[in-house]
Amino acid sequence: MSVLDIRDLTVEFPGRKSVFVAVDDVSLSVEAGKILGVVGESGAGKSTVGNAVIGLLQEPGHIAGGEIFLHGQRIDRLAYKQQRLLRGRRIGMIFQDPLTSLDPLQTVESQLVETIRTHLPLTGKQARQRAVELIDAVGIPDPEERIGQYPHQFSGGMRQRVVIALALCAEPELVIADEPTTALDVSIQAQILELMKKLCAERNVAMMVITHDMGVIADITDHVAVMYHGRLVEYGETNQVLGAPEHPYTQSLISAVPRPDIKVDRFPVVNYIEAAGTPQRQIDISTHWLGKARDFSAVSGPLVRIRDLDMRFETRGSIFPSRRKYFQAVKKVSFDIEQGETFGLVGESGSGKSTIARLVTGLYQPTSGTILFGETDLTSLKNRRDVLAMRRQMQMIFQDPYSSLNARMRVREIIAEPIRFHKLASGNAEVRRIVDDLLDHVGLGTAAGQKYPHEFSGGQRQRISIARALATRPRFLICDEPTSALDVSIQAQILNLLKDLQEELRLTMLFISHDLAVIRQMCNRIGVMRHGELCEVSGCDQLFEAPQHAYTRELLDLMPSMELLSRANLESA
Amino acid sequence: ETLKFAFQGTLNALDPYSLNETFTLSSLGNVYEGLTRRGADLAIEPGLAERWEIIDPNRWRFYLRKGVKFHNGSDFTAEDVAFSVDRVHSEGSDLSTRVPADAKVEIVDDYTVDFVLTGPNPILHYEWDTFYIMDKEWTTENDAVKVTSASDTAANYAALHANGTGPFKIASHEAGVKTVFEKNDGWWDKPAHNLDTVEFTPISSDATRVAALLSGELDMVYPIPVQDIKRVNDNAGTVALTGPELRTIFLGMDQMRDELLYSDVKGKNPFKDARVRKAFYQAIDIEAIKKKVMRDLSTPTAIMISPFLFSKAGEFERYPYDPEASKALLAEAGYADGFSVGMDCPNDRYVNDEAICQAVTAMLARVGVKVNLNAQPKAKYFAKILASGGYDTSFYLLGWTPGSLDSWNVLDNLMNCRDETGAGSPFNNGGFCDAKIDELTDQILVEIDPDKRDDLIAEAFRISHDNAYYLPLHQQGLAWGVSDKVQLIQRADNQFKFRFVTKN
Amino acid sequence: MIGFATRRFVQAMIVMLVVALLSFTMFRFVGDPVNQMVGIETSLEERESLRERLGLNDPIPIQFYHFLSKAVRFDFGTSYQFRQPVSDLFAKRIPATLELSFTSALFALVVGIPMGIFAGLNRESPVSKLFLSVSLIGISLPTFFIGILLIFLFSVTLQWLPSFGRGETVQIGSWWTTGFLTVSGLKALILPSITLGLYQMTLIMRLIRAEMLEVIRTDYIKFARARGLPDRLVNFRHALKNTLVPVVTITGLQLGSIIAFATITETVFQWPGMGLMFLQAVQNVDIPIMSAYLLLTAFMFVAINFIVDILYFLIDPRLRVGRP
Amino acid sequence: MPTVSNEEAKAAVQDRSGAQPAPGRMTRILDSDFFHAFLRSKVTVVAACGTLILFLLAFLAPWIAPHDPFDLASISIMDARVPPVWMDYSDPRFVLGTDDQGRDLLSGIFYGMRISLIVGFCSVFAAAIIGITLGLIAGYMGGRIDALIMRIADVQLTFPAILIALLIDGVANGIFGSLDRDIFAFYILIVALALSFWVQYARTVRGSTMVEKNKEYVQAARVIGLPSVIIMARHILPNVMGPVMVIATINLALAVVTEATLSFLGVGMPPTQPSLGTLIAIGNDFLYSGEWWIAIFPGLALALLVLNVNLLGDWLRDALNPKLR
């Protein structure tokens, strides 16, 4: 008997003038001890299905039709109280946006302990013990110490793991995991996937995993559901669907999966587009706004030079200096980024990649070390005017797209703001045109401009963030996991755009990602980080073919296998 | 029996010489006594002095009551009187005018004292009912000879404790919060009251005060607002005692400056013209004010002193209310279109003071005079209009009770000439000057024959009336709220004496 | 922390200096104290000599200097009205005010917080709408008016509660008197604390409601619900705590003004506290009381705001910026 | 339930934004989400109408009030304290009765509301502007600037509106002389009230700003290179406005009432031009004597005004928050 049974589910978001149907007549079921994978286009309604099951659709969304059963019990009509009893205890939910899912004012420990004690009859001490075990199980080092910290002191991946721990802590019978591993490096990802598999096998847990990562799908799922435009286009056994996809969207999706094994020029794009889908044109940079001449001063030598960068966070304040505790997030890191090059940064989750990105943009002041941009030392810039001049040349795509968007501004204003401020356009009409164009290029469509960030899916938010970063026409772009929430087709479209820009304009990039396939396609040189230190820097091919450092080898070994993806499809790319 | 009562103001220092203010003196009058006292009808009675005589025009002899003891047990003697006179004259005393500065005290024997004056003074003892005699030994022992003045850093003993000869002792006193009086068993007079303790609480909010009476928490409160009289009477178990007070409410005008400070008339002072003043007089419908503002609790008056205090008051009659005549007078004086003038008015001093001013403002508007009313709390008001503020006013409302209950006080304070600094009649804020009144005032002071004296007084008031130097409005009324369980006597000087109270 | 505290202490001293200076300038406009100190018939010469003795004729800077040099020794002089040392007067009044403020703050918080949460969670519920509106009517009427209405209802008509004063008090130690220990004392507290706390209650309730409305739509609340936490935990530990920064700010300010300026309520109920004394002091231009009072208030506000600033750090770990 | 298919919905969405010719301003306003949200909330529409009516009554008072209560020549003390028409001894000229000076209460409310509205709104507005600006600066900049502003706030807190008003009044008298006090009364009131209110805004905004400035959207704005002023005004401000709106709408009531107290102290409007608060204060004296209408009607008018403005404020705050629409 299936644990979760979704029948003809329809979810609507009523707007003012029209009703937006996010999930259209979807039927799924998950059996005990089995894992169902859900893939599909970004914005197809995958997360919405998960939210509907747990009864936490964002207003004004509501279930407009269909039924949801848990062990044969209908749960979509339950009274609020009973619904609450299901949550956590019987259904564990991992939301897509792990970075905003944790209460910023409570320590990780207290959030874990309270959840454990709500569901399990444990004493405070035992609950804490269990919390520490869970944190350990999801691969956070030094759990005893770390558990007492606040979410903002955790890296993106660590927060994601905390969220996983929270969802699993009461041993629910059904787990809905919405992109649970986007911010995790391959080794942690492997560990987490292992954990999930183990749960299914040993405790007979049913699991629904929403992901864009075909590797994950191939690796752990028993069944796959493919969603497109709110509808279920294909549903079946994983081998079946991946090996012999029937629906053209699935076929085209699989063909677009980037390959880690060989380097290609451009990412293969998905060619299946339904009528109202977003147009994908290749742009001609030379005539396009994004390619307009920029007046940056010439730089000889590397654009960015980082020397002996050190960053230390105070993790425990005290009046007595001797009792203060520090965490060394970045240790003596030095590297250069040449003009027009993409420098990839990979490594363990929590190894300090985002911290480096923040240091370079000046959001953190380094404890020591220098960051040279051209000839300017960014760490010693005092003059506001100089700082602004630097900022214009440098942009960053944040790891957490949602919290980096001001929830009270329309998307159009968010993207227009840097254009207006840096006076990159001559009038309101032009600003509007540029914004619309950018929205098109990231695959959102101009209509998106009217909406507010919370009305978007995770991947769509990430694209807003990308559009905003591109809007200043930067010379140097820092991308912190820019495509983690994107399905392969959108990912391809955006990465291709970045590549085009790079070719035409010698855009320089610092590219942080866990997706080794993407790294391989994008980067010229790659740095591998672990424990705050840079263990290896080498050229792309060299790294993949002949890794030097032991950790690098470990990473490469753990790349999810692509065996299940049919050879034929890969060949056709 | 315990009597609980409230008054709107506070009883601050207990030193009987530190503040010349009715309520303070009234309360302390239950503890301390003077050589004389006043009865229910305000008639002067023997107090600590059994009797007195004027042995020659400049020498008064007082025969003191024997066997009187202070609350601490010490005897009352002539020494104490002499000591008290010295003390009341000393620096920091606010009551030094009670005894003329040049008067000398001569102790004849333990129970006889002479007051030697430099000139005749028929009203020497008029204010002595509030000139309280203190115990010399007690005061000296407690190092309280010096009157606590505001400039001292530490309060002296007498400001916090009291030792009088009166019918009540002070059992506890917390300034501004609560004062408890206790019956003095050793009082020399036969008590007409049946009280054991009296509790006094200041309650500044009118409504709360009335509410406390209505709810039965208090036995007596005063004053009560005129509008609540009916309510208090209608309420079972409470009555409002009303009666005339000795305070005369009147309007004054700047008649000294050549140009008014607050007016659109430039280059001249309209108030120097008697026709303008009369026009103002006749524009005011005093009966309407009495009926609507004062709810009949006022007595319109034509002179500047209470009719109770002056036998010939009945001879004076107000100019009739007549807006037409008023307009005619204004036109005659050259202000056919009226003019504007600023008016100063207190809003927390007299009964319905601000409402009276507003009514006057409206009435004057009807004859074409635009009055810009500036109503302020008394602290700011007095700071502005009195000498200390440089008489910064053009038109104002003031009330006056002669402390000695005698007309001379009125003439001397309000109606003689003054200079800019206030030398002369300091409270003649308008600064009008009539030599004849000044002359009469001097005569009245030394005139011993009562009939002749009254004629002189009447003559002075007549001059003021004819020239409309002041615009007297009314005698304001007293309103006390009393529980049915309590019988008491309401004196027109607004003093509340516990010795007249019985409670059942 | 210690550095923070000492810095704040130095700042507090500066604040008080400025307050002292300002109050000095100001008192010249409030009225003439001499008028209040003496009867109306007191002669001009006497007034003048009194001014002289009080030092009111000295140049302002000299007066200021005298005042300061005494104030540092906690000598605020003698009240013009009461002829008692100001410090003694304060000592007597402080318990009354603190007990009243404490009760009304308690009332404001105990009623305001749960109602705010309720109204925030049940935006459309008629109960919360009713409560919001009624409390608004409550605050749109002036304090004195409310006080009088309450007295009229509960003292005059129903005769349940006293209309004025503190009731019986019990002496604790050498200078503290409390009304908490007697029935009449507790009864006497009810009406004034409601009158005084009504405004703060409404403010806190509406603030919490507004903030709750935002917070409960955040992802972490959604996730807390998804974890199946009981409502109590979600609402109080997670949602409420995230609304607290503005609430704590306003509560601190309001608490300060309850203590400092309970003037009207204390007047209406003849509550023998500092507010009443302050109002009388203003009316009677009792400069020593006013200036001592202002200094006390200044210190209190600096202290309260200091505590509020510390609370920020306790509430929000992100504010404890970990810097090397 | 009729559902629109996905494509249709998307098409509709697209239609709305781009293709149409730019509509006129009025149409744009009428068509906006904002206005739509407004129309959807019945309570708000009622509150808005109520507020509008009260404003109109106040500002059109000279034309619609049956009497001119500020024209002293037209009022008569003999008409004082006439009850409302439905009671005994009433006078058909005075629908809601008269006050203690014989002013028509209905007209008095209209005229008085005008004073109260001007003073109330101006002072709250001024206080909010000062407070928000200083609060943002203090919270965002931190350090010395923060300490300076907050200590000024502490000084300010020490002085209640009453003392400030007395101070300003004294200064104004010193500078301008006492002659034109009618003209200055307004300014003195507004300045005094604004000065005593701004601290609440400043401290609240500062507290919230300190929290907000650490959030990632602010960091994103900094990375874009926006100057502090713009970050404060465009990014932080909208996110800290919630509490400000609550305080502002509640402060309106406080301002109206405090104005009456100040007028009583002689630093506000003259008693011949009573504001709403003054009318209530006058009526307060007549509550026990059975002349309840003098206080109750102005009180109701004030309560109505405050209620409406608060309901509007509540809605506006929600409407400004896209998640709550």
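Here the chain labels run A, B, C and D in written order, and each chain numbers its own residues starting at 1.
Following the convention adopted for this analysis, contacts are C-beta pairs under 8 Å (C-beta built on N, C-alpha and C of every residue); 3 or more make two chains touch, one makes a residue touch a chain.
By chain, with names taken from UniProt: A = Peptide/nickel transport system ATP-binding protein; C, D = Peptide/nickel transport system permease protein.
Note that the structure is predicted; figures quoted are calculated from it, not measured.
More C-beta pairs in contact connect the chains of B-C than those of the other pair, out of A-D and B-C.
In this assembly, the C-alpha centroid of chain A lies 46 Å from the C-alpha centroid of chain D. Rounded to whole angstrom, the centroid-to-centroid distance between chain B and chain C, based on C-alpha atoms, equals 38 Å. Averaged C-alpha coordinates give centres for chain A and chain C that are 50 Å from one another.
Between the CA-based centres of chain A and chain B the separation comes to 87 Å, rounded to the whole angstrom.
The multi-chain contact residues of chain C, meaning those touching 2 or more other chains, are 30, 144, 148, 152, 217, 282, 316, 318.
Residues of chain A in contact with at least two other chains: 152. The residues of chain D that reach two or more other chains are 214, 284, 287-288, 321, 323, listed in rising order.
Pairs of chains in mutual contact: A-C, A-D, B-C, B-D, C-D. Of all residues in chain D, only 71-73, 75-78, 80-81, 100-102, 178-179, 181-182, 264-266, 270-272, 284-291 touch chain B in the complex they form. Residues of chain C that touch chain D in their complex: 7, 11-12, 14-15, 18-19, 22-23, 25-26, 28-30, 129, 132-133, 136-137, 139-145, 148-149, 152, 199, 202-203, 206-207, 210-211, 213-214, 217, 245-246, 248-250, 252-253, 256-257, 260-261, 263-264, 282, 294, 297-298, 301-302, 305, 308, 312, 316, 318-319, 321. Every residue of chain C that touches chain A in the complex is listed here, in rising order: 1-3, 217-231, 233, 237-238, 241-242, 315-318, 320, 322-324. By the touch criterion given at the top, residues 206-207, 210-211, 214, 225, 227-228, 230-231, 262, 285, 288-289, 291-293, 342, 347, 354-355, 357-359, 361-366, 370-377, 380-381, 392 of chain B touch chain D in their complex.
Against chain B, in their complex, chain C makes its touches with residues 30-44, 46-47, 49-50, 53-55, 75, 77-78, 80-85, 89, 92, 144, 147-148, 151-152, 155-156, 159, 162-165, 267-270, 272, 276-277, 280, 282-285.
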